[in-house]
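Letters A, B and C mark the chains as written, and numbering starts fresh at 1 in each.
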Amino acid sequence: MLAKLRSTDTSRYTIFLILGVVFTIASVLSENFLSADNLTNVLRQVAVITIMAYGVMMLIIGGMIDLSSGAVMALAGVVSVIVYKDTGGSLVLAILAGIVVGVVANLVNAFFVATLNTPSFIVTLGMMLIARGAVLEITQGQTVLQLGDFVKLGQSSWGWLPLPTLFLAIITVIVWYLMTQTRYGRSVYAIGGNQEAARAAGIAVNRIKYKAFALNGVLVGFAGVLFMSRVNAGLPNAGVGYELQAITAPIVGGTSFSGGVGTTAGTLVGAIIIGVLGNIMNLTGVGSYIQQIVMGIIIVVAVAYDVFSKRGKRSKQILKPTEKELTDPIDGEEDSLSQRHDGPHKEVP
Amino acid sequence: MDARLSLRGITKSFPGVKALDNVNFDVRPGTVHALCGENGAGKSTLMKIVDGIYQPDAGEILVNRETTRIRNPIEARSHGIAMISQELNYVPNMTIAEGFFMGRMPMKHGHIDWSFVREEAARILDEEGLNYLGRAKLSSLTISEIQMLEILRSVYHSADIIIMDEPTSAIAHREVTSLFKKIRALRDEGKSIVYISHKMDEVFDIADDVTVLRDGAVVSSSRVEDTNFAQVISEMVGRDMSTGHYPKEKIEIGEPVFKATGLSRKHLFSDINLEVRAGEIVGLAGLIGAGRSEVARAAFGLDPLDEGVIEIDGKKVNASTPQRAIANGLSMLNEDRRLEGIIPKLSVKKNATLASLKSVIYGGRARKRIENKLVDDYFARMSVKTPTTETLIESLSGGNQQKVLLARWLITEPKVMLLDEPTRGIDVGAKFEVYKIMSQLAAQGRGIFMISSELPELIGMCDRIYVMSAGRLTAELTPPDFSQETILKYAMNEVEVA
Amino acid sequence: MNFRNKLAGASLAVVAALTFSACSSGGTDPAATDTAGGASGDATYRVAYIARAQVDSFAAWLANEITAEAENYPDITLDVFDGQADDEIQNTMIENAIANKYDAIIVQANNGVAQTPYIEQSVAANIVTITTNPRVPDIAGASSVDASPYDQGAVVAQLALEQVPQDAKVVVLNGPGGNFHSTERRNAWQAEFFDKRPDVEIVAEDVANWNKDEALAKMEDWTLAYPQIDAIISMNDNMAAGALEAVKGDDKFAGILAYAVDGTPEAVLLIKEGLMTATTLQNAAELAQLNLKTVHDLLTGIETEVNVDIGNPLITSDNVDEYVKLYTDSGQIN
C-alpha cells in the first residue's frame, strides 16, 4: 500500500492539496470564511477571471499566449452593453455582440501568429493596445450607464446559485470536454508539446491555432459581458491587469509555460485559490497594497515551481540502499535526461 | 591492471527497474574499449554515471587509480572525461564556429577572442575536408553533419577519456574512415576511447577491448582478438544469432504503389524519379547531404516541392501537406525523432495514436477502450517495452521510442511507408525486430521505402536500391549489383547517370 | 518563412505606430486629435491642452468639455494631448508644446511635483501657462483654475455630520495611493467628520483605485465580515456605486447611507433612485468654461495672472432633478 502510494504521481494532486491547505488556513483566519454566503461570493467573484483563464490556458498549452484578454474583455463588454441599449433590451443580441467582438479580435491575433508566424507575445501585446484604444474611443472615456435588465446576467441567481457561477460551471464542463474528448484538444497538446512533430504527424497546425484563438475569443467576449453585467456599467477602463491574473490561474494549476501540459480542473482550482486568497485578505482587512504584493509573490512562486518541477530533482545519495529498498519503487527521483524509468507517470488528459 | 578509468561494483536502480547490477568496467590507457549490449542493457546508464549525470547507488569510480566522485558533467570534464551522446545536444541558432567552443569560449583580455574562434573553426573544418562556413547556423545542417561536428569538437578539446555513444549511427562510410583515423591517432597518443556501438564490423575494426552488457550485468570483458562477431552478438542477446542475417522474405511483387516523377526543389534536388511496388522494400543510399531526406520530406508534404508528381496506386495525388499525404496512404518516419517525432510530455499511447485521431476520437468523444486496445495490440506486435501505456514517451529508451513512432504510422494503415534511418541508434535485437516488421509490412502488400546510411542493412533488406548524389539520382541498382563498393561509387559520383 | 516574418514585422510596426500615435494624440506633431475653434480672425492663438490621461473618465470628460468650449472662441485653436497618466510622457508633451511655440499651455498635471520644472520652463518661455485640476501651487507667473478637493470633501462631510446616526459603523473607500484629490478629500473627511464624531467607527478602509469593480468585490467581502455597516464613505462616485451594487436588494443594508464626490451622471441617477445620499459636483463644464475664459483673458492681456476655483455644489435628493436635467440635456443620460 505504501509502495503504491509512493509510486503514484503526486504532482497531479498537489494543487488540490494546496487548495485544501488554503481553505483550512482561511477558515482559521476568519470565522466568516466557510459560511455559505461567503463561499458563494467567492465563486461568483472568480467567474469572470476563470472563464478568461480557460481561454489563455488553451493557448499556453498550445505553445502560445494572450496578453490582450483584459482589454478585449473590456471592449467586448462595452460593445455588448451598447448593443443591449440600442436594440431596446435584447440580451441575446448583446451577448452575441460581445462574443463576436472577442472572436474578431482574436482572429486578428491568430492571423499574425499562425499565418505570419509572429510571436504571440508581441501580437497580443499590440492587440491589447488596439482594443483598449478602441473601447476608449467608442466611449470617449465615459462609462456607459443605465443598463436596465442587462444586470440580470451577472447579478441574479438560480436559487442559491449565482448565475455567473452557473455559467462558470457550464463553461468548465465545455472546456474540459474540448480539451479531452475532441481531436482539437489532443492536437493542441501535441502542438504545444512539439509543434514540428505534430505537423509531421499530419496535424493541421495552423487551423488548430486559429481555432484556439477563436475559442479564446468566445470566452473572453462572454467574460466581458458577464463583467459589465456584474458591475452594472460599461466601463472602458475595466480589466487592466486581468490578463496577468488569467495567466496566473492556469500556471498555479499546473499548466506549463513550455506548452503541452495543463488541465482544466487545475486551472479552475488555481483560479479558486487566487480568489480565496483575495477574499480572505479582504475579510481580515489586509490592505490593497499588501494584496498586490501577495499576488505578485504567488505569480513568481507558481512560475518558479513550474520551471523547477519540470527540470527534475536529483537527490543526494550517500547511503547505500539495502536490498529491500532496491526492489521497492522509489518515487520522487527524477532525472533530467531521457533515460527515465518511472512507474505510472503524470497523465495528461 | 593499470586502468585509466575503473568502475567497481556499480549498481543503479530506477523505479521498477534495476539498470546496473554490480558492474566492473576497466578502461586501459591508449585503447579503444567497445561497450556492447542491447538497449536497456545499461550501456548508456553506465556511461552517464561516468559523465556525472547519474549517481550510482553503490560502487565506486576510480580515475587514474584514485577514487573519485563525479557529481556532474562539469566535474567529469575536469577529470578529463568527455561524452558525445547519442541524442545530440546543440543550439540550432548557434553558428558552427560558436558550437565548437560552446561553454569554453577562448578569452582574451576579458573578451571572447572571436578571431581565434573563427580561425580555429575554419582550420578544423578544413582539416576534415568539410566545406561548411564557420558562420553557418547549426540549424542549416542535417543531423548527421551535426554529429560529425560534435565529434570534432570533443576531439579538439581533447579529453583523456572520450566516450562515444553510437557515433557512427548517422554517418556514411567516408566519414567513418576519417573518424577511425582520428580515433586511432588519439589512441596512439595514449587516450582512452569508450566506443558504444552495435555495429560489429566497426567494433572489430577499431576496438582493442570489448565488454558486453546484458540486463545490467557484465557478460564478458575481453580483448577483441580473443572473441568474434557471433560470440559477442550471442552474448548481447543471450541467444545464438547468425550475423549478417536479415529477415528478408521472398514476396510476390505487385503493381507500383508509389511513384514519384520529376521531383525538384531549388538548391536541394532535381528530377528525382522513384518507384516502389507493392511488397517491395526499396532503399535510398547516398552520402550525407545528398538530399535524400529532403526528397522524402517533400514527397510527404512536410516541405514544399517546386515540381513533381506523386502517384499512389497509379493515381495522381495531392500530397502538399502531411495531412493530405496521410489521407492518401503515405506515411513517413522522420530522421530526427526528438525534433520531429516524439511529443515528449505526452504518453506513449497518445504519441502512438497521434496520426490517427479520427480512429480514436469520433462521434463526439474519446474512445478510451478502443484506443487502449489499438495501442496494446500494436505495441505487442512490435515488442515495445514500456512500464505502462500512460508513461511519458520521453522516459523510454531511444529504440522503444522509435518503435512507438513506427506504431504511430502503422496504425494509419498506410499503403506506402517512407522510413528515414529507421534503425538509427537502436540495438541489434530491436533492429532485428524492425526488419521483421518491415518484411511483414511488405508481405501485406505495402511499399516500403528506406533511406539508410548503413549499407549492410540496405543490401540485406532491399529489393532495389536507388543512389543519390548531390541532389540527383545517380543509380538504380538491382540485387546482382548490390555491393558496398558499387553503392559508394554512385554515391560519390557527381555526374548524372541514367 | 523569412518573407512572412518580415511582412509580419512590418505590419506590426505599422499597427503599433498608428496605435501609439492615436494614443498620444500627436506627440511631436502639432496636428493632434482634437483641434477646435475657427481659423480665421485677426489673431489666432494656439493653445495646447495637456490632459492627464484618456483612461480616466473625469479627465476625458474635462478634455471633451474644454474642446467644446474652445469652439466658442473663434480666435483660439486648441490642440489636446494625452499624458497617458505617465509623468515622463506628460513632461515630454509640455516640452514639445514649448518647442512648437504655442501661445498658451494648459496643463492638467498627473503629478504636480514632477511637472513643476517643465511648467516653469513654459512660464520662462513667455508662454501663457495655466494649471488645472489640480492646480500646481507656487509657480510664479502661472495661473490656475481648479476645484478644491478639500472643499469638495468638506461639503459632503458636513452634511454627513448631521445625517450619520450615533455609534454608526462605516466603510471608507480611497483612490489610488498618493493621489492628490483622494488624499485631500480624505483629509476633509477626517477634519470635518471623523474628528468631530468619535462615536463613529471605521470597520474597514481600503484603496479601490477609483474603480467600480474593485469596490464591488471589496464591499461584497466586507458585508460578510461586518454585518453592520451604516454608511459608505467614498472618495469618488465610481467606488460608491460599486459598493452600492454589492448591497443592492439586500434587506440588511436597505437604508445604508452613501457619500461620495464627483457628481457623475451615474451618481446623479443613484441619488434620484434614493440609493445614494449625497455627492459634490465636480463640474467639468464649469472648469472648462473657466479655463477658456482665463486663457483668453490672459492671451488678450486683460489679466496677467488668475487663480480661481469653481464652486462645489452639493447634490442630494432635494436638488437632484436639476442635475438630471443637466445631464439629460447634454446627452449623458437618457
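By our rule, a residue touches a chain if its C-beta (ideal position, glycine included) is under 8 Å from a C-beta of that chain, and two chains touch if they have at least 3 such contacts.
Everything quoted here is computed from the prediction, not taken from an experiment.
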{"item": "Identity of the most central chain, Cα criterion", "value": "A"}
{"item": "Relative to chain C, chain with the most remote C-alpha centre", "value": "B"}
{"item": "Inter-chain centre distance, chain A versus chain B - centres from mean C-alpha coordinates, in Å", "value": "41"}
{"item": "Centre-to-centre distance between chain C and chain A (centres being mean Cα positions), rounded to whole Å", "value": "34"}
{"item": "Where chain B and chain C are represented by their mean Cα positions, the distance between them in whole Å", "value": "69"}
{"item": "Chain C-facing residues of chain A, complex", "value": "30, 32, 35, 37-38, 41, 44-45, 112, 115-118, 122-123, 126, 129-130, 132-133, 136-137, 140-143, 145-146, 155, 227, 230-233, 235-238, 278-279, 282-285, 287-289"}
{"item": "Interfacial residue positions of chain B with respect to chain A in the complex", "value": "11, 13-19, 44-45, 48, 53-58, 87, 302, 321-323, 325-326, 332, 334, 339-347, 350, 354-355, 357-358, 361, 364-366, 387-388, 390-392, 394-398, 408"}
{"item": "Chain A - residues contacting chain B, complex", "value": "7, 180-183, 186-187, 189-190, 193-194, 196-204, 256, 260-261, 314, 316-317, 320-321, 326-327, 329-331, 333, 335-348"}
{"item": "Complex contacts: residues of chain C adjacent to chain A", "value": "1, 4-5, 7-9, 11-12, 15-16, 19-20, 22-23, 54-57, 59-61, 63-64, 177, 204, 206-209, 211-214, 216-218, 220-222, 224-225, 238, 241-242, 245, 248, 264-266, 269, 332-334"}
